[in-house]
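What follows is chain A paired twice: with chain B in the first complex and chain C in the second.
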Partner chain A sequence: MEPIDIPVAGTKVQTSRVFERDPETVRDEDLREAIWELGREGEWIVQPVPEPYYLAPTKFGRQKKIPLEHTWHHKSCGQCGHIPGYSTSIFWLNRLLGFDYFDPRDQTSCTAWNYYASATSNQAAQAAVAMRNFSAAYETGYYPLIHCGTSFGHYKEVRHELVHDAKLRRQVRAIIEKLGRPFVMPEEIVHYSEWMYAVRKQLSERVQFDLSKITATVHPACHYYKLQSGDAIYDPEIYGGQRTAAVTAVVQELGAQVADYSTWYDCCGFGFRHILVQRDFTRSFATLRKIEVMKQEANPDVVLTHDTGCVTSLDKSQFAAQAHGRNVGVPVMSESQFAALAVGAHPFRVCQLHWHAVDYRPLLHKMGIDVERAWAEFEADVEKIKHGEMEYLTWEHVL
Partner chain B sequence: MGKADTVMIVGAGPAGLEAARTVAELGKRAMLIETKDQLGGTPYASYASLTPDLQETEHAMEHMLDAVRNNPAVDVRLNTRVVKSEGNLGAFHVTLESADGAQSVEEVGAIVVATGFQHFDPGRETQMYGYYEYDDVITLVDAEKMFKEGKIVRPSTGLPPERVAFIQCVGSRDRQIGNKYCSKVCCGIASKQSIEIKRMLPNAKVFIFYIDMRMYGFWEDQIYWKAQEEYKVNYIRGIVTEIIRKGDKLLIKGEDTTMGRPMEVLMDLVILSVGMEPSKGTVEMSRIFQIPREDHGFLQVVGGPLDTVSTPVPGIFVAGAAAGPKDIEDSVSMGAAAAAKAVGILNRLTLEV
Partner chain C sequence: MPSDRYAEVALEEKQRLFDEVKADPRYKTYLYGCYECGICVAACPSARFYDFSPRKIAQTLAREDVELFYEQLNDDVWNCSQCFSCNRCPRQNSPGGLITIMREVAVKNGLRTTKEALAGYTRIIYKIMTTGTQVSPDMLQEDAFPDWGPQVKAVSQNLDVWRRALPPETLHTTGLSWQVEERTMHELYAIWKMTGTLDMIGELDEGLHDIMEEIMDDALEESGLPTE
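Our next item is the complex of A and B:
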């Protein structure tokens, strides 16, 4: 590929035309009224979004309720396995803001990943897993907040099927009743990055470092905004409302620069099923189509995204490309980790960057974080655990 | 003349104008209602020339406007909207509201709704074309506005483009966004505009990216082959999926389905062939006159292909793009047909009395 000099214009639109949202002209279904109607007919219990909630604008200008607290955290198998600092950062930010949340142990894997790889059972079984998790949240009194972009997209597809297919609804209801659980549909299906969007101003008030010299590129997750796209967050202030505002709005609010690049819309390489069936393709795509393009066009200090598969693919694929001398080597993390760092979270105790494959230290230095001191503190923790002086790190250690 | 001798026509585009003229010619009174301050509708307001013969729109439509303006049997009400309707065939009581808020109730025997279409907004669901991000991504209508000034330039620089791409089916034939229909005229308009661009800028390269070109009837000969053979316009099968800025150019990404491979090409100007949707007025009239809308959102007609103008509401007819995508010739024909049916039903009513 011949290098092309592109001016990095950030998120500014280059036209004076202004997009006017008109929900009246949109034919994409807004399922929320149907969900309430089915609730009134006794088909299921609707779990309302708890107050206080934030009203966020969606793609077509409808307002989506985002709960601020009393959230039940539907975690991600990929996050917990590959990027534990991802979820920890979300919890840490909740604690920092003084929000009441619930970290459940009663949760099952969402089945979405295998479903996209055509390797999972059947429609009713998948829907039953989603509804089982919703009922588990409801029973605690907390509202489900979905960490994983893949689960989020899949649950919205399940919701669509359940609203439109009475036979499926009855099948799944019978399964949930056999489990002795209530049959519950949440009023909104909410992704954690929407919660990040909702609290961005509160976080920006607590920023500890000058981030104005930090350039980030954003990779929005396909599962977040390309599936059942109507209720993804689109903010008129961000890209003129023409691209999802998730991640970007948070990063800008924190004071960092967001740079554009030409493969913004492309998948990270994870590709719904490619990581399972064509792993080499995933690795090449992640590095050659995404990371190298970002490096060439925007030379970012960090790549930020909001899905487990995206962080994993973009971060860990770079190792192989580096071995071949390619133009890669950009740290990748979730915006929750980046925001946590910005407001003072420990890079290792909280954000657990030592799990990441690409060298993140130049970024931390540039942010103004004393990496060596932080690493020494973390090693001291490990020594204490080794010598039995401490069983494990607790929230008291890290707040 | 009494109420049963008056046909109200809502909308003064080609269909409404023709309906009003025909009603008058058949000896009844026409009341022509238009929300805007001028006659002629969308083509007159937005298009520099007509498809397929490239006649200048204002000149070509002037005789239609005159036939209505200077006709004592046509009562033209500009800056006026319909806000309510009661009654039924032979005695509709329609409340009109002028721009200053004054209301009046008119009694008419039959109604022709000719409230037309609006162009699909390319920022609504196909954001990937960047219409609200880049100045140099424009629509067919924006191009016509430039043609009215006798030029075609890149809005970002004011300079003539060297490479121009049209993208077909923006907001049409797209199940993902819910518009499951062809808008009929965009292929013709794009081909017409490509000829106009080549006439103005003979050295420019012009590309049309399409799913398949739908040049019905004479348009095939009048503009499609002419654009290719005389003006060397390049037709490329395969739709563009995304547009981004590269330097001072636009990079379009998509798939060339003839060659069977992905493509990335730099352009100076991209013109989106935006399709048709029911206008706000059409949706509003559906509510006020209780006319059901068919599956695609346009006003429903009852006769299928054999009666294109009768709605399920007795005494109310539809003409032009309010009933679905239409070119000007179909709109005008429907205007006349709706007027004839409206007058016919009023005549029968008078005989029965």
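Our next item is the complex of A and C:
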């Protein structure tokens, strides 16, 4: 057969503009070797993941090192500010498992929320704040474990910029050195939900309630897997590796059901500036696109997620929607709180559920937890604090 | 059709701002052109509620349409939710990343529309830049969050005692998310000063800038930390 001469010349380029793409610098690249190489060249100190660590599969197949203990807890402004049971549960689980950890005071917010909401920062400042926190962790000998999804994603953006931009790297190093601190990049940037994934089997061995009748829906946090997505956890056994396994794998391991819903990819509606100054947007998106869809398609007992902003948006947005008779009313919490409840944590002393807006009591009853007794115990604690019989609730009270 | 919404602004000024965005080191990793497939719009929460399109942002920057760029810089960028759902772009653009750069340029240049968009934000900026944590429990007041329901009132009424009923020692605070060492805050001040971040605030809110500068200068003088 004679070849056919296809008369297609293609479209001639009508512009002189060039969009350069360097395969070596695409956003999802694996930066591990580059980080170590820069360490060998003396550009920075690389803090290795301490042993023992867990190897978790990531989006494109590489194994990510997840430290089990000796972790430096990079807390979250939102979690610690208005969902304190979130962080308390993470610490409590560490204590339950007998893991050594460090809860620092030498830590600032990542400031990414401020940046995404108001842009009142710049590239060098963002990187310097990140690296100051990393150096503070290094100086304690503990390894950073990032509680907030936004901090996690943003720090990975910063890491990408510092690896590829020598001028920025030198500028930030000079700032950190002026502060009298070492310039340190952790080998891996690790989110607390990856740690939850790593210890899920140890937790499942300690479950105290039958969770088989509990149905959860999972909202994967945007900044966990949409920013610098290459090293988010993807397990072939969870959604065939087509969605992140964070949260879902833990909940299933604990024995609860995870139900699917069609708007799983959608943002929670937090919006950074919107949650504070245009809350009608947040409220509408959180309820119409997320909670109502979950209710209609899965009717969950609880919504679980792994970021501060998501818990805030999804929990706080339901009150006004409920007042309008909308199909909402599902408690929202982190998987750390849910897992802590499952292995016997106190719902108020540890999980601090009284800071949440949606009624969580039906869920606790269904799990088999005596809510009324637990609340009475907590109120007794509060009375002791009020009357000076106890200054603070301490870990000794809750383990 | 070219935008004529800001006809009173000289083309040279629009071009200057566009060039500032384009010169950002991150620009080349955020824009590779645009297929006009619309996947970013389908994934975008803001596109569902506003006359807003991440596709149009990417298109405008790819075409280098400075008139439309200037309109978007003023009228669109603050609608973005910064969720980066648009990062699912098959061309590997990041419209959200481009908007981040545009916002930063808008702040640095003190655009009137930016000042209006961030008018309700000074408290947050002040909090993060002076304390090192940006959400504090004492912000939870019922007058500020009436639509969050009666739980906000319960928190504000019991705030001090409920914070003390938390096991982690670092959380026994009401004015900060967690207790931050003084030295840590001072190092943050040094970073804001050395990177020009405090100067950016001057373009946005002169009064806020002056208050923060005074706080930071006094603290830095005592601490002995560098400022430049």
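By definition in this document, the second predicted complex is superposed on the first by the 364 of 399 C-alpha atoms of A that agree within 3 Å, B and C clash if a C-alpha of one lies under 4 Å from a C-alpha of the other, contacts with A are read in each partner's own complex, and residues count from 1 in each chain.
Note that in this section a contact is a pair of C-beta atoms (placed from the backbone, for glycine too) under 8 Å apart; a residue touches a chain by one contact, two chains touch by 3 or more.
Remember, it's a predicted structure, so these values are computed and weren't measured experimentally.
Trainee: Which partner does A:373 reach: the first (chain B), the second (chain C), both, or neither?
Mentor: Neither partner.
Trainee: Should A:265 be classified as contacting the first partner (chain B), the second (chain C), both, or neither?
Mentor: Both partners, chain B and chain C.
Trainee: Between chain B (first) and chain C (second), which does A:179 come into contact with in this model arrangement: first, second, both, or neither?
Mentor: second
Trainee: With both complexes superposed on chain A, which partner does A:60 reach: first (chain B), second (chain C), both or neither?
Mentor: Only chain B is touched by A:60; chain C is not.
Trainee: Quick one: is A:19 in contact with chain B, with chain C, with both, or with neither? Answer first, second, both or neither.
Mentor: both
Trainee: Classify the contacts of A:124 with the two partner chains as first (chain B alone), second (chain C alone), both, or neither.
Mentor: The answer is second: A:124 touches chain C but not chain B.
Trainee: Figure out whether A:40 sits in contact with chain B (first) or chain C (second), or with both, or with neither.
Mentor: neither
Trainee: Applying the document's definition of touching, compare chain B and chain C: which contacts more of chain A?
Mentor: With both complexes superposed on chain A, more residues of chain A are touched by C.
Trainee: Given the touch rule stated above, what does A:242 touch, chain B (first), chain C (second), both, or neither?
Mentor: After superposition on chain A, A:242 lies in contact with chain B alone.
Trainee: When the two structures are overlaid on chain A, which partner does A:387 contact: first (chain B), second (chain C), both, or neither?
Mentor: neither
Trainee: Which residues would you name on chain A as touching chain B in one complex and chain C in the other?
Mentor: Dual-contact residues (chain A): 17, 19, 25-27, 265.
Trainee: Write out the stretch or stretches of chain B touching chain A in their complex.
Mentor: The touching residues are 121, 123-125, 127-128, 130-135, 137, 155-156, 177-179, 242, 244-247, 251, 277, 280, 283, 297.
Trainee: Give the list of chain A residues in touch with chain B in this complex.
Mentor: Result: residues 4-7, 9, 13-19, 22, 24-28, 59-60, 239-243, 262, 264-265 of chain A touch chain B.
Trainee: Which residues of chain A touch chain C in the complex?
Mentor: Within the complex, chain A contacts chain C at residues 17, 19-21, 25-27, 75-82, 84, 87-88, 91-92, 103-109, 111, 113-125, 128-129, 132, 136, 153, 160-161, 164-165, 167-168, 175, 178-179, 181, 222-223, 226-227, 229, 265-267, 269-274, 276-277, 279, 281, 283-285, 289, 316, 319-320, 349-350, 352, 354-357, 378, 381-382, 385-386, 391-395, 397-398.
Trainee: In their shared complex, at which residues does chain C touch chain A?
Mentor: For chain C paired with chain A, touching residues are 24-26, 28-29, 31-33, 43, 45-46, 48-50, 62, 64, 78, 81-85, 87-88, 92, 94, 100, 103-104, 106-107, 117-118, 120-121, 124-125, 128-129, 132-137, 139-140, 145, 147-149, 151-152, 154-155, 158, 161-172, 177-181, 183-185, 187-188, 190-192, 194-197, 200-201, 204, 225-226.
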